[in-house]
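The first chain written gets the first letter, and so on, giving A, B, C and D; residue counts start at 1 in each chain.
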Amino acid sequence: MNTILLNCDIGESLGPWTMGNDSEVMPYLDCANIACGFHASDPQTMRATVALAARHNVTIGAHPAYPDLVGFGRRSMACSADEIVALMLYQIGALDGICRAQGTRVKYVKPHGALYNDMMSDLRILRAVFLAVSRYDADLRLMVMASKDNRAALALSAEYGVPVWFEAFADRAYTASGHLLSRNLPGAVHHDHETIVRQALTLARGHALIASDGSALQLQADTLCVHGDNPSALAAVQEIYQALGRELAA
Amino acid sequence: MNTILLNCDIGESLGPWTMGNDSEVMPYLDCANIACGFHASDPQTMRATVALAARHNVTIGAHPAYPDLVGFGRRSMACSADEIVALMLYQIGALDGICRAQGTRVKYVKPHGALYNDMMSDLRILRAVFLAVSRYDADLRLMVMASKDNRAALALSAEYGVPVWFEAFADRAYTASGHLLSRNLPGAVHHDHETIVRQALTLARGHALIASDGSALQLQADTLCVHGDNPSALAAVQEIYQALGRELAA
Amino acid sequence: MNTILLNCDIGESLGPWTMGNDSEVMPYLDCANIACGFHASDPQTMRATVALAARHNVTIGAHPAYPDLVGFGRRSMACSADEIVALMLYQIGALDGICRAQGTRVKYVKPHGALYNDMMSDLRILRAVFLAVSRYDADLRLMVMASKDNRAALALSAEYGVPVWFEAFADRAYTASGHLLSRNLPGAVHHDHETIVRQALTLARGHALIASDGSALQLQADTLCVHGDNPSALAAVQEIYQALGRELAA
Amino acid sequence: MNTILLNCDIGESLGPWTMGNDSEVMPYLDCANIACGFHASDPQTMRATVALAARHNVTIGAHPAYPDLVGFGRRSMACSADEIVALMLYQIGALDGICRAQGTRVKYVKPHGALYNDMMSDLRILRAVFLAVSRYDADLRLMVMASKDNRAALALSAEYGVPVWFEAFADRAYTASGHLLSRNLPGAVHHDHETIVRQALTLARGHALIASDGSALQLQADTLCVHGDNPSALAAVQEIYQALGRELAA
């Protein structure tokens, strides 16, 4: 079995509003995608989140987003490539500043919500994202969505010298072309833990998934996106963790 | 004559709104206090401002503020020490991220507006400011206001290992205790360029000023705060520059 | 027993972040202090909150605050009287716009958090608050804190023609001067439901409370502030409701 | 000649940042589209802008926008119909609150920037805009862009009982289908005042324009959009005003 990294969106509380169960899910994670204040979080929350990740030796990633707290960064905004480069550098730098003050560093970047979706469907935006990451620090990785055809991401990875991690989902159905089945369609989200764990293992073993039309779908998955924002999701993370043969440090 | 550094608040435009004449004043500056998005500026403006400062070899400082665009960071906010540390790390990091992407770095920090005033009148806040700067990077300097009695700042400078630059003003009258005369009082602001240039030279030579009550006031001034936001201020900067025996690079 | 109104801060969710149990506490309220987007809430949350209040025939009040989402309006900001008038008119109008679209109206105003505290301790701010309310609509009431000496509020009420509701707390200890005992002191907050209900009844009957120094404290209480943000608080509201001899509509 | 109303975007300053020459252009306007704090302006600026409009007897319109100060409301955001209704009610109400406090009222609504463009190209959004205006107040008008085919707007106007004003531009070239020629194409914006005034008169007389392909384009224009944000634009407004046979009140 390959080593597949478990990543999770983390640190999405805001001022007095809490979201997620960060302290409960953190022990099971390899990578924490930490919100940077544009779709969620604030400077104090970011400090506490970085401290929590560091305590568990979890690799810290910046989770930059469009500037939209009320919409949680889920509403696409018509930003220019220059605007995207700038807002990413700002957010990565802000989180990295908070990391440096605690003796750690941002190690990778995963765009959030609508920015993530937009970069996967618009090459102009994907290029801006690669440019921002490469400009910030040559050692940063970028997390992008695994698809049936990863050539665009791989070409930009080579062009900008930014290594990528391909991300897959254990709790979502895929279309034959390797995209997530729309949430509006039945069966788009797996709720059954057995199904979720089986899909996680299939991805970790590098085997093909069965797409929504029944065809085989081979995805390169370096990392699995898990969720910790409700008890059922948290339990699923623990089951995946166990199925992967991992054990929590004593 | 000592070398006295000319510093100026820079990069205070916001989206479509412009403020100041950054490109005209930049050639005369040693230090640019660059807004970080909380009282002014935005990621794109910050990128352009860093590029302008770098082009003129001007030392870049972070100019963090309370989160208050509408009030331009001039309204004091009752923040805890922890909140101040966090918002400073966030803003310094964001600007430094944009600097790194251009091959340069933030070299010092000057708090803005109400945060600057609050740190000079409240030791608890001054301590939080020193803590934030020291945590971010041991090599950063902090710009604080020169006063008749600098012992508190010097003690914290030693405690946190953060070197300070003391700042004085050429266009403001001082009280006998070394504070700025309130803007509500007559004569608080010098408009006459001859007076401004004379005060700049007095400070640069390390001589005593005449305070508002006629007494002699000795200030340690490592840097002079100048302004570039209107034609008269810009002309005053040029006259100070010349009087200090400086010459623009060809 | 007097009729004492039960009021509660309501509608303090924000985008994807929920706060409080609005639908559970609403049936027990007379007055809902609805957040207006500056310390909490957003336009959609405001629409849903107004609809909920209207469904339960609860009187709608605007709950304006300083512009500070991250600090939840709890950090005092040094605003001028003009700024306070303007930000109150903006927030009252925004909520009233949402009310009008549902065939209802804002009937009163209760400033939130630091703005509430500041108006009770600074006459200049209290005057600005009265001015804003009177300018908006001559029929609006203002909710202010009942104190041992209500003369300042009563004088401004007469001067501006704005009727007031005096508010008291069933779950807080009072000083002899009629202020809330600081939360930093032991016994400041009552957690025992029996104590809370007893204090509610004492206030409703117009009897004197026992202040923290043992003296009798007579407060004029037109309304009690209750909370619905946790199960215990919600249970306390229900017990107060019952003790006051109220019954939910079938 | 028909009476054609001159409308202008007004009140787009923000805190310390000024934009436009509101006091100079106001005397020539019939209708002021006043920013509501989402793309520009703030509560104090709104108060001053309403006072200025009222002083000149200029009809006040709300100019609601997507929540995007840095992008000045010019970046399209993927908002749901419900979100658009809510953010419009909020902004209309906020401005109307400030109007009521000065004895005046919002009389019409003109969406700003990307929201304006989106409503003209997406019927779902146009419907949400009509719904918001009708819900707020049955007497409000809505300003929409005149096109060659106004049937969609007229049908929604009838369905929601919201009268419309069709808006045309004197300084922009039109395509044969009645859309504005893209700013990326040569000749899209008229800079020559003679051309601008001639187009204004053509529209006011109800005559056909010559579209960019040379064909005749008949537009129903109830109002002309003018600009006051630079000296040339201001001079053009004055020339249009004179050409329309208007005279400033003594």
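Everything below uses one rule, namely that a residue touches a chain if its C-beta (ideal position, glycine included) is under 8 Å from a C-beta of that chain, and two chains touch if they have at least 3 such contacts.
This is a predicted model, so every value here is computed, not measured.
Engineer: What is the set of chains touching both chain B and chain C?
Structural biologist: Per touch definition, common to chain B and chain C: A, D.
Engineer: If we look at chain C and chain D, which chains touch each of them?
Structural biologist: Both chain C and chain D are touched by A, B, going by the contact rule given at the top.
Engineer: Please compute the C-alpha centroid of chain A, do the same for chain C, then give the distance between them in whole Å.
Structural biologist: 42
Engineer: Among the residues of chain A, which ones contact at least 2 other chains?
Structural biologist: Residue numbers touching two or more other chains: 42, 70-71, 83.
Engineer: Would you identify the shape of the chain contact graph, picking one of line, ring, star, complete or other?
Structural biologist: Here the contact pattern is complete, since every chain touches every other one.
Engineer: Which stretch or stretches of chain C touch chain B in the complex?
Structural biologist: 67-68, 70-71, 75-79, 83, 114
Engineer: Which of the residues in chain B end up touching chain D in this complex?
Structural biologist: 13-19, 42, 69-72
Engineer: Inside the complex, what are the residues of chain B that reach chain A?
Structural biologist: 37, 42-44, 46-47, 82-83, 85-87, 89-98, 100-102, 132, 135-137
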